[in-house]
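In the two assemblies presented below, chain A is common to both, partnered first by chain B and then by chain C.
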Partner chain A sequence: MISSFYIAWRYLAFNKVRSATLVACITLIAFLPMALQLLLDESQQLLQSRATSTPLLLGARGSALDLVMNSLYFDEQVPDVFTMQAAEDIMQSDLAYAIPLYVRFHARNSVIVGTTLDYFDFRGLQIAQGRMFAVLGEAVIGADVAEDYGLHPGDAIVSSPETLFDLAGVYPLKMAITGVLQRNHTSDDLAVFVDLKTAWVIEGLGHGHKDLTSTDDASVIMTRTEDSVTANAKLFQYTEVTEDNIDSFHFHGDLSAYPITAVLAVPDDVKSATLLRGRYLENPRYHIVRPKDVIAGLLENIFRIKSVIDSVIAIVGLATVMAIILVFALSVRLRQRELSTIFRLGCSRMTTVNLIVAEITLIVIASSIISAGLLYLVDANADTLVRQLVLR
Partner chain B sequence: MNRETTVLKIVILLLVSLTAHANDELTVYTVNYPLAYFAQRIGAEHVHTVYPAPPDIDPAFWQPDSADIAGFQQADLILLNGAGYAKWLDRASLPQRKLANTSVAFQHDTIRVEAAVTHQHGPGGEHSHAGTAFTTWLDFSQAVEQARAVKQALVKKRPQHAQAFTHNFRLLEQELVSLDEHVKNVVSRKPDMALLASHPVYQYLARRYKINLKSVLWEPDSIPDQAQWQALQHLLRTHQAKWMLWEGTPEPQSVKRLEAAGIGSLIFDPCANTPEAGDFISVMKRNIMELEKAYRD
Partner chain C sequence: MIQIESLEFNYPQGEFRLSIPRMTVEHGEKVAVIGPSGSGKTTLLNLIAGISRPRQGSITVANQRISDYRDARRRNFRITEIGFVFQDFELLDYLNVIDNILHPYRITRALKLTRRVQHRAVELAEGLGIGNKLKRYSSELSQGEKQRAAICRALLPRPRLILADEATGNLDPRNKGRILDLLFDNVASSEATLLAVTHDHELLPRFDRVVDFLDYRNDAA
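Here is the complex of A and B:
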């Protein structure tokens, strides 16, 4: 038997291209459905665990999926914005506490999440290095952001302009990194977290500049009356919050009219959740969703697509297996003279069968090893792959 | 602030936090002394009150450092005065769930201060009183509402002690109502009498008790310059006051010059910061005794 394997090995080694093609075909047929299942399991687990741990999400009327994907997985598709008043209304309802989210801006390639400190308690996020942000212009970063860009507490990160040619837009804000979060294997690892008010400064709704009533530079003043001073565009606005200029940062108007993209509502109990949902049933401006339901719908669609892909793979697999059988059948015919020689040398017909079985076994073993290796790689990077292929 | 001081503050905060949690005490941070006093009176042994502003700074204009803000972030409950008090709150990151605004009950009834001069006193930096008048507790009926909000916030955090909190609140309420009645009685003796205030911090006191009060912008610890005296003379033409209220003990030179102009000095401490002696109630009683001097004549 060992000699059969030796001869089979030599034969396969001699016909490299043919052997490699057969190994590749079998590898793909074995690997693809298993890798797909692995990724789907991972995405299901990732989507469901975060959705299940988020009781209710309030957003502007529109796509529930966009709202959930942006608020839970920090997807780039920004839902319609609405005012902070909605979060205050939930707080005042005494049915739930509200965590406002403003997920819109970016720093490098990471999303900036503007929120309150309650978010970190709610998600159970801990600081691994440094400290939590304390004042305007400070940020804490997720573990992956720190790792990818080599950032540490004490470094700075700059917000990116929303559009490349936004010449009239606000200046990017340089934010001091005060801490790095412990890895928790969710979208939080990929985000830059700032206070909601810092997000509003990034948008230009809050800003710091020289005191106009005491400035010596008359060229920055457009009009001056007894009650007010209006500056022109020459007035320099600070692009970084420092100890020296923090007192000059201010917001105009009522903060409850400032924009947010979602409110994460955490009800006190099931009854409160039901009452809260009831309040927004007929609301023309807002809708309140259960992320678990939205993600269940999404997964249903994914699995519907998966079953179609499974059928396609099954047909392709069947065709491949038939092609392989054909290849071996043709191979046996092509090797007729070689097999006749073996037979004339005194070997039994069983030896011929053994040789072909050994060849098939070696090809299957090679394919299995490669498939296992590839599956191991997919499994090890499933989290990243799902984020890049499914969540982005 | 140097690194050693910051580290020391953080260690102290951690120890305070650990001790509080070991005793199941509620760690309550406040932005001024009156709220700290209310929290301590109502919460008694169930709360550990922390009011971290230094004694020589007006807490309304205090700017806490990162270590102080970290302390606020670690608290179980943060009592805010509302009415735009403590400007640093606009620039700090605090957990919204732990915040309790004690002036919600009268938030639509606050006093707007339209135009105000920027000035400086003490180590607190330049500031102006433009915006909303914030010494809300000097109207003792508002102080009762603030104390009630403190009680409600404590009950929400520790419902098992609701009975004790309610009992303690009732006692405090009685004392505040008594102060309220007392001031009303004092002022009713001469309802039209004109008074001066050295600083624009008595808006709610004047409104509640119908005191005919106008303010200048003087500091107890500095002698007014010529322009300030002229501004006073100008004011006296239409507002013939015989007494001036001071936030703290004024400079003897200022007192003498005022006396020469026929104006007596009274100390009415708003008690925003921890008093050197006594507590909120005793300081307010002393304030009313001072006020009686003006209304006794």
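Here is the complex of A and C:
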């Protein structure tokens, strides 16, 4: 049998293209469904663990899935914004404590999460290097952000402008990185965290500039009254918060009217949760969702789609196996002369069958090894792949 | 070495029929078989080698009545006792020269592939002038080199009978002489018997005996 394998190996090595094609076909058919299952299992685990650990989520009425995906996994689809007043209402209800989230802006390719320090306690996030943000314009970054961009405490990261040509739009803000979070293998590793007020500064709702009451430059003044001074667009606004200019940063109007995208509501107990949910059942502006239920619905759909994909893969796999059988059957016919030669040299029919079986076995072994290697890679990087491919 | 009695053979389909009342080849003889194309010379070699089986009559090789043997035994006898140099070399294109020479050892249990056999294969190849071509594939060889490789494969198991079917048919006159010299030398050194089919009448004087095939068969077709 060993000689059969040697001869089969020589045959396969000589017919490289044919052998490689067969190996590639079998590898794909074996690898695809298993890799898909691996990634789905990992997705399910990632989605469910995060969703299960988040009791309630308040958002503007609209897509519950968008709200959950944006608030828990920092998906780019931004739900409708609502005011900070909603978070204060929850706090005042004494049924839960509220963690506001404003997930809208980006720095490089990472999402900027505007929130409060409660978020870090709630998620159990620890600082690995440096310290937590303390003042306006400071940021802490997730482990993957630090690794991907080679950032450390003391470096800076600049928010991305929303639109390049909108002069009235969001200007970049250079933020000082004060800390790097410990890796916790969730979406938090991929985010840049700032205080809510910093997020509002990025949006332009808060800003810092020279004191208009004492400026000598008349060209920046549009109107001046006894009570107020209005500047024109020539007024230079700071794009970085520093020790020197931090006092000049200010917000106009009532902060409770400032925008957020979600509120993480952490009820005191089950009863409080039920009461809180009841209060928002008929609310025309807000809805409160249990992320666990939303993700369960999503997973149900994913697995329904997966079963369809499985069926397609099974059909394609069957077709491939039949094609491979056909290839071997035709190959036996094409190799009649060779088979006749080895028969004349003294090869029995059983040995001829052994040779063909050895060829098939080698191809299957090669495919299995490659599939196993690929699956090992997928398994080792499942967490990253899922976050890059599924939870983007 | 070879005794044929009342041999009758025909293919299942087709009108060709071979009939040889009696034929004998002595041990150590170098016999040339001549005859027109289609007269059944190759069929005769296949029958003697046990590749085909006669419908009637008997074939005895080295005192073994192989015509009565079952397929497996006939095959084993062929592998160990008979070296066959095929008309068109029958080298496998996906094997290099040394693997082609050793191929019979890898496809049968009757022959054991040992280091000694591998060493002898290299020696034989060197003796036949293809020692430097052992790693080449058959497509990289000249006709003469292919024929040498085929002869080397046939001689390696030290067969008692060598059957050569147009062993020099594809070669130029210079190579014909060389190949025949090599074949005769090896046959002599291994005290084997040679039965060679040829169309080349210039080579006939070098054989001990020439059998004109028309004397031996009654073609009824």
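By definition in this document, the second predicted complex is superposed on the first by the 391 of 392 C-alpha atoms of A that agree within 3 Å, B and C clash if a C-alpha of one lies under 4 Å from a C-alpha of the other, contacts with A are read in each partner's own complex, and residues count from 1 in each chain.
Here is the rule we go by: contacts are C-beta pairs under 8 Å (C-beta built on N, C-alpha and C of every residue); 3 or more make two chains touch, one makes a residue touch a chain.
Small disclaimer: the values here were computed from a predicted structure and weren't measured.
**Q** For A:F303, decide between first (touching chain B), second (touching chain C), both and neither.
**A** neither
**Q** With both complexes overlaid on chain A, does A:Y376 touch chain B (first), chain C (second), both or neither?
**A** Neither partner.
**Q** Quick one: is A:I7 in contact with chain B, with chain C, with both, or with neither? Answer first, second, both or neither.
**A** The answer is second: A:I7 touches chain C but not chain B.
**Q** Tell me which of chain B and chain C touches more residues of chain A.
**A** Touching more of chain A: B.
**Q** Taking the touch rule as given, give the residues of chain C at its contact with chain A in the complex, in rising order.
**A** Against chain A, chain C makes touches at 49, 51, 72, 75-76, 78-79, 84, 86, 90, 92-95, 99, 103-108, 110, 113, 137, 153.
**Q** Give every residue of chain B touching chain A within the complex, in rising order.
**A** Within the complex, chain B touches chain A at residues 63, 66, 69-70, 73, 90-97, 115, 118, 125.
**Q** For the complex, which residues does chain A have touching chain C?
**A** Those residues of chain A that touch chain C are 3-4, 6-7, 10-11, 13-15, 338, 341-348, 351, 355.
**Q** What part of chain A is in contact with chain B in the complex they form?
**A** Listed in rising order, the residues of chain A that touch chain B are 91, 97-99, 116-118, 121, 131-136, 138, 195, 197, 211, 213-214, 227, 246-247, 249-251.
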